[in-house]
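Just below is one structure, and these are the notes that go with it.
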Amino acid sequence: MKIKLPTVWRDKIHDIIYEADTPNGKLFDLVLLSLILLSVIFVMLESVRGLPETVYFILYIGEWVITIFFTIEYILRILTVKKPWNYVFSFYGIVDFLSTIPLYLSFILVGSNYLLTVRALRLLRVFRILKVTRYIGESNKLKIALLQSRAKILIFLFTVIIVSIIAGTLMYLVEGPEHGFTNIPHSIYWCIVTLTTVGYGDISPGTPLGQFIASVIMILGYGIIAVPTGIVTAEMTKGKVKVDLNTQVCSNCNESKHRDDAKFCHKCGESLKVEN
Amino acid sequence: MKIKLPTVWRDKIHDIIYEADTPNGKLFDLVLLSLILLSVIFVMLESVRGLPETVYFILYIGEWVITIFFTIEYILRILTVKKPWNYVFSFYGIVDFLSTIPLYLSFILVGSNYLLTVRALRLLRVFRILKVTRYIGESNKLKIALLQSRAKILIFLFTVIIVSIIAGTLMYLVEGPEHGFTNIPHSIYWCIVTLTTVGYGDISPGTPLGQFIASVIMILGYGIIAVPTGIVTAEMTKGKVKVDLNTQVCSNCNESKHRDDAKFCHKCGESLKVEN
Amino acid sequence: MKIKLPTVWRDKIHDIIYEADTPNGKLFDLVLLSLILLSVIFVMLESVRGLPETVYFILYIGEWVITIFFTIEYILRILTVKKPWNYVFSFYGIVDFLSTIPLYLSFILVGSNYLLTVRALRLLRVFRILKVTRYIGESNKLKIALLQSRAKILIFLFTVIIVSIIAGTLMYLVEGPEHGFTNIPHSIYWCIVTLTTVGYGDISPGTPLGQFIASVIMILGYGIIAVPTGIVTAEMTKGKVKVDLNTQVCSNCNESKHRDDAKFCHKCGESLKVEN
Amino acid sequence: MKIKLPTVWRDKIHDIIYEADTPNGKLFDLVLLSLILLSVIFVMLESVRGLPETVYFILYIGEWVITIFFTIEYILRILTVKKPWNYVFSFYGIVDFLSTIPLYLSFILVGSNYLLTVRALRLLRVFRILKVTRYIGESNKLKIALLQSRAKILIFLFTVIIVSIIAGTLMYLVEGPEHGFTNIPHSIYWCIVTLTTVGYGDISPGTPLGQFIASVIMILGYGIIAVPTGIVTAEMTKGKVKVDLNTQVCSNCNESKHRDDAKFCHKCGESLKVEN
């Protein structure tokens, strides 16, 4: 089913809803963001009990108005873009869909309207209005830093989980259900609460031995907290441009520390024989 | 309305209240700081219940004496400076005004005298007495580090808020009011308490599923805590010109720590024989 | 006692249980990991009360099936490797033994079957299936970073312990048993809970003086938290050879990113004209 | 009063109690450390209630034996060292004195024997037995890192205190005594508990507005936690050798980035005219 809008309309609407630099595009984005924000606040307020009946009615109406606006916007986005499927399956496309559907679903599933808070993700569009390139650059840097250290992060997560399982079981055996460690999964939950230094205190060790083990876990957690920080910081401080250097020595001028892919000496121009 | 003090007086008073290096200026600053500190302690004490009646009376008198002193000081600051408006609308000018007005306001608004703790901000004047330049330099470095990474910080804050909204709603749906998650804003508050690893424990998940989600949020928060640290550290460590120095010693003047690529001694100009 | 399997069998079994790259080896590792994971989940579930009787029966049977599988695997590992003792006393050998024995022990010692969670350590085998070298390289880096800073870490731990002992005693004297500080070891436990910013709240200071001392300890802990992070980060960021690169482009081959002091292109040997 | 031991004795005793490398000195240090550790454990155990009467009696005897040993050691240290006053007023001299006196004081002041835990500080002597120089070197590095960043640390502490005072007062006004914020000092205590992410939960905001302000304080604290970490890390990663470079350009070869104190160009040996 391919519905095509007249090309003139299509271009105009495309300019408004996809562009952020034209006056109309900027205005549209501002209106959109305000509606998203309003909608998120509406969902939040709706969960608050004890407000007058009329407030809930207004929230209900408001939510429907915004959802219908979003539905029209979503359809227009599909109609005015050249490759609709690319948009539909892009990150924003999925978020836009998930932001629209829950209210319609609430006819079938009671309570599914709370899923509307997924709209909070749409707030990421705010970066379109701010100086886009800069923020995209920065968030890309963060993304690259995270990606490059994913091996380290995986090892770290693995360590946390294994430590939690073993320490959790140990605490279950030591403390037992009478001090709140009702079963091993519950003990593991306590262990994660402790390792991450959150420490709710809904469960806490009651026996001297349990408190001693807990102290060891805490100091361990103290050391573990250093690891992700170290990883991220190391990635961030790493020079913007990184080049692998080797220990090869130029046969003519003895200059060393050449780029790994260097074919000629950067000092005297002598050809470098590749040995490895 | 322009009141002008005689120039001789004006200069003398200006020296006392604006200078920090002259003996009189230093003495004035010390007296001022003591009074500010005293005043902050007075306000704190006043909020403590159960003290004898006379203590409250002394505190009341003391507060008025200090406030009148501050009022006179504020007026003199305006009268003795060349461009009064610059002072009035400067950071310190506004702080000085806000530090003086609440007690007068307390005739009209009951309880507004507690706003006197804004005087704590006046304590920043302490840096005037300490070796000023050094501390200003350091705090400027901190300020620049924060400013330069404001894009990263904004992205970070945004991530925290969006994660909180979505995770908060999820926990509200999973746990519900019977475990303390009375509404979505309350759940978001819990989520921030958890993500920042504060963990009061006034609300904590009661169902196994809720505890599992909470564990995921905690470990996520553990990773998120690394980001601002990484940002600040990266800003602080960068921006130093770094040059490789070696341990070579000049044969003429025994100067060491030459640049690695130095061919002549930077102290005496003697030619450095490259040994390695 | 030396039991020898026929060489052909031995080689085939060795290939299956020790190799990770052959199809059979990979399949075996996947089955093994699934069983380990399943077994850990079984032990966890067994500790949960209130499930139907049949579930406990199934868990019991499942545990025995997996344990017998692990026992056979353990024996085969010993029989098919050339130097069995090397395996038995290696890290994985000990973990494999400790993962098998607790269920047999449970005939003698009631409750020892919970020690089966030591099997979680076997999950470390997951790195065999992932791109091994990379993760081993990364975890080695972490290990080296920790080893190289062990002197700093020891000093840090020592500081934490001594501060805890002294501050714990102080709080015991100030707060006393009526506020939960029942004895000095308990106070030290509280102090570690506070220094590591876990803060359960099962014990918290009740007197103004105690709260003041607690505040000082907290801010101290705030500073102390910086030390391990600093240590790990410093170790991680160091040891990369760094060279300044510039944006000059070779006139011959258009190669860029030359060393700042390069006089010839490292790719084609063309002389680089220094422009700046 | 100058008591002099015979020189031969004096030298021998000096060797035993001051040296750590001779066999006798090493043995003495090990005995001393064991006694210190034992003594600290004795004081801790004494505070535990509910043990049999005989245990308290043994602890009492043990404490006196150790104290008498320490007293003799302290006197011998003074007698066998050349400049006794240097020892008496050194860090270890004061610690040794404070470790000996409390038990004697307990005849006059009941409860002062708990001050014996100051003996924990004597445990620092453990570094004498470990490879001393290495640990001293590392702890000196930490000390220098802390000293060099003391301006930054002071600014940081100041910020924490001022934020705590103002935010504490605000929360007192918003929440009031009915939610546990009984007075401003108590509120400030809560604020420090929150900013440092300890979060006991003995006091926690009860009103929506209070929870909103608390959330802001927490996220702020999240950022503040980055500052000391950044400071320490930056000091630690800073190159071992640091030299100030300036932007002066050599009049002969145009080489720049000379050491600030360079008198001759490090590249061509030309004399550098000092301009500033």
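A few comments on the model shown:
Lettered A, B, C and D in written order, each chain numbered from 1.
The working rule: a contact is a pair of C-beta atoms (placed from the backbone, for glycine too) under 8 Å apart; a residue touches a chain by one contact, two chains touch by 3 or more.
Bear in mind that the values here come from a model prediction, so they are computed numbers and not experimental data.
Listing every chain that touches chain A and chain B alike gives C, D.
A repeat of the A-B interface exists among A-C, B-C or A-D. It is A-C, with more than half of its contact pairs matching by residue number. Among the pairs C-D and B-C, the greater number of C-beta contacts is found at C-D.
Note on chain placement: the centre of chain B and the centre of chain D lie 25 Å apart, centres being C-alpha means. In terms of their C-alpha centroids, the spacing between chain A and chain D amounts to 39 Å.
Distance from the chain C centre to the chain D centre is 30 Å, each centre being the mean of its Cα atoms. Put simply, the C-alpha centre of chain B and that of chain C have 38 angstrom between them. For chain A, the set of residues touching two or more other chains reads 185, 188, 197-201, 225, 229, 231, 233, 237. Of all the residues in chain C, the ones that touch chain B in their complex are 197-201, 229, 233, 237, 242, 261. By the touch criterion given at the top, residues 40, 43-44, 47-49, 111, 114-115, 117-118, 120-121, 123-124, 126, 134-135, 138-139, 141-142, 145, 153, 157, 160, 185-186, 188-189, 192-193, 196-202, 225, 228-229, 231-233, 235-237, 240-243, 245, 257-259, 261-271 of chain B touch chain D in their complex.
Those residues of chain B that touch chain A in the shared complex are 151-152, 154-155, 158, 161-162, 165-166, 168-169, 172-173, 177, 182-185, 188, 194, 197-201, 204, 208, 211-212, 214-215, 218-219, 221-223, 225-227, 229-231, 233-234, 237-238.
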